[in-house]
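All remarks here apply to the structure that follows.
As written, the chains take the letters A, B, C and D, and residue 1 is the first residue of each chain.
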């Protein structure tokens, strides 16, 4: 997730995609699936304070037999993208449709519908959480989007046939949804999940938080956007998702610290709330939801540029183990992005596919 | 590893198997491998104080094409058994030859030679370590056995084509050998590895250690054997492997604690040495050896009867992660033995096979 | 806490002490306090299933000026004893009255009332918890005893002037009461507190749990008592306090594991409940109660015979720190009992005294 | 340690103090000690690449009886200051001479010599370590300074009578010297010690490291100094002390990471070395040195602005406990500096004084 790339995503937000239901040119013959790009009504986002539209785009991969077998229903995998991104990253950067075509043709996965929602906003994204400021993104996925998909496409509309896979902020989202919405998904894989533990660049010891907290006016905010300085902008995404404050313009974030003479000083009660929202501290409460999954996996590259991601992933695995929750942990060489496409093809999607109920 | 089953193993020790080189009846046609049972000279065990023979049996699986392709060389997997067991557990309980035949026929693994050594003694086993009391079991595997196999069978005789897989005490052995003998194996999978951390039933808080430490005479020792009380007998295996004392008959173990008025009191210097020998505390020293592996995996069932094995395995994964060592961790439902055969077939052997160099 | 000593305590239970209100011979002159031994009505224990009397003895130290200053009110320290003990351990073994006299005379502590309740039962003790089997020992201390003391003696009857100090099971009790009853005590010191984390001899990996779980009849129970085997008897105290089962005679304990073919197999839901009751896992919930204390300290000798006590105490300190709860940790050389009296005099009581509100 | 205050210290460096041996005006009568300010030859710093003088100032407190009892020898406490500071902080900010006078007069500590060396450089300080770039500060304290003090003043010149107390960078220094130089000091107290673990603002996830790593020329360096931006300048102090590179002007630091497209990417081998230098990872190697101390204590305020200091201190205590090293941990409310003077007077110096051998 280079900053340049991220910012490309940042300034694309608002651009809506092709007519819903219209097929793209990617499909051809019986061995290739098709990608449709749709716009979905997102009532869960209505009234958010960041100006995020309540119509959201998504791309949907329909497998090769979808057109020719009009009675058949398919299991569904939701792919959740990272901060400052949108679904185009799956289509163009990771080339997911081609991966799916190859896996299906080789028989390495069953035929699947794959749903790739957008989930960005002007601060990078809403972290797939409900927030009075950034909107109820958790509800958007769990209610608006799943209902849209199950209504408009021939899916196997039960948790046993529904998986979620996410990368980075989307890895966080996949775990957060699995932990807080039992019965929605049954198979979960988080790739390089961000924000599981408040450490390293995600902790308040990162000097960059001060730059976000110093935003006091609309002018400050604009100039921060123009700087394209990743960490402070992303920080605003984080606080508006984790500790939103609708009465605190222009950022609407409630920082769990004060700045005293230029230093970050943790503010006890707010910091408690912030810590308590972190996935590493919610595993005990989510024990039953996580134990009931058909499959749970997390993976991380040791060279991740987002330095909190390796230790956060390891700490999360440790907590899962301490709560006696079955899971797979993959720790590999590689950075935040470079092996994601290859691992999706070689490991993640075959593993997910093998665990979803897909028999006719 | 039920005690009844363990003790069956215990009292089989000393029974040597069929003539070396003679083929068993298990092979038939081109789709089945053959198992040969051999006796191997074990100079590394000479002079041990437990009366363990310096000729040791092993079973060797030769793949289907071994007979018909007389020039072909094969990668090798070593399977290390658990305490109070011997190689028969692989042949009869886990039915490894049939598993290998099926996997090879399905193309899920390359054709492999699989070597199943014996490594038991009257206290259950030598933990694949070098010991002045129980014998140099580490050298036996690394030197005597590997040389025997590479000399007498058509193997790819380099680390890139040599894997080690172990269960329980054998899982410990697989990791111990990988950590202390770089360049011997390149792929390692430890199933339910024992003895990684001194906690729960493996810690000195287990009341059973006292019963072992109270053995003061040959009569005490005999009566302990007759009791078939698992933990105290296994404790003698542990101390003779980890902290042997050749000058301390009849047990030859140096316990890292004293018994003071019926209570275990840790003895500082000896306990330091004991702790320092544990794999969880040796990961930093073994960093380079472990990073150079082609594949490293550990797995554990959450319902393991040996209560230290789940937390020990999780702690070991955490230490691997902290040292930035790539690995796979599998945490699943199940106990110490029940899913071992199934996991070997479905997950472990395909994963190992895919990582070994086997191209002609 | 040698077993012999413990058992002396065990078989003293039931012996009630001198007439309430009668002064012992220990007081003399103005520089010595007096000890009264009283019997207290314990409605909180009524109906317990272990036959523990609902009248309980206690010893109360009244400071030197208590008789001569009839208007003066004093802060109060409660001393909670360990398993298989009673208040006599404070009077005779640790010689607390003489310690208090010396400290008061030297001006190292303010004049204090010190209350030493009994809290034993036939399994060793009720762990100062509420239990449908062993009785509501938490209520007994917090309600029956404190009311009795504040009614019958001239105390400063508010939390700011009320401390609790405990040893071993009493150290557990001091922390448990501080965590679950905010506003009762304001200063807490736990010496060598037991049972904070399920590890080592307190974990189910201790082979001794099986001997407790195998008790199936009254005869088994009697023969266990006669064996004076510490761990199994104490285990019954633990399960009847932590996971009582009134419908399960003769032990009335609900073990969080099954015995399957001679092995302990953790039983998931019950084990979850057991873990969740442990102080190391309740720190987050008790954050506000613990932060509001005027003083919180825990101490442990590194050579404690109860092997779980050092790691449990360290883990508890770590959890306190992670929740940003001020505290003092003292880690010293020494075993479970040997330095307790000396530390009470030199460190614990001066530190407690300095933190209690005692000004007239 | 506000940056403004720090920078005052920064630009004072190089200003040498009054003639060695000359008494200041602070002493008066028999109840007050005297402070002498001296210049000490520092051959251990010769040839450092940062232009730090090899003559260093120090302030030395001589107790009230020093002048009137010409045969008497005194125990010695060394006080080590923090980054961007010098000994003036002890004299003026914390008012140590007045504290000592009061404690001695009250009989709360024995009469002591207290030595307050300077240990700053243009990057803030050398962390009391030996470094080919910043100079051998460890040797300076252990050899040059101690020899100067024991030669020129009437001290009890053995470890039993020599303590070290440090704050922040000086707390790190106190622990580092205790761990690496057994037999030098016997009593150690680290107040708010920095740099024990690579986490939060001390971890490479702190965005500020990039600003330090981007310094490529003398002009960059000057402009960084002029910015008075604390973290990047301090970072240069850290790398020149922990991973110096004499061949890498202008900073002479070897950063354990690379900057790839604006992101910090840990560089494996150098990062390994950096981690291995951290006190939390050296406790096992220093076990004997630390166990042999007469007293070891660490303390931290939960509101420390340097966010790594509370978790680092807690992690260090945990490691001490795991290695069975006696120590005291004090976790209190308060920030990096505000309670240091008060704690020195009320807790630290009395505790240190009580543990030093001082009998005539």
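Please note the rule applied: a residue touches a chain if its C-beta (ideal position, glycine included) is under 8 Å from a C-beta of that chain, and two chains touch if they have at least 3 such contacts.
Values in this document were obtained by computation on a predicted structure and should not be read as measured data.
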item	value
Chain whose mean Cα position lies farthest from subunit B	D
Rounded Å distance between subunit B and subunit D, as computed from the means of their C-alpha atoms	49
For subunit A paired with subunit D, centre-to-centre distance based on mean C-alpha positions, whole Å	45
Inter-centroid spacing, subunit B versus subunit A (mean Cα positions, whole Å)	42
Subunit B: positions in contact with at least two other chains	266, 324
Pairwise touch network: line, ring, star, complete, or other	complete
Complex contact set, residues of subunit B against subunit D	266, 268, 272, 276, 281, 284, 287, 324
Residues on subunit D engaged by subunit A in the complex (per definition of touch)	2-4, 199-208, 230-231, 260-266, 303, 305, 307-308, 335
Partner subunit B, residues of subunit A touching it in the complex	302, 310-311, 313-314, 317-318, 320-322, 324-333
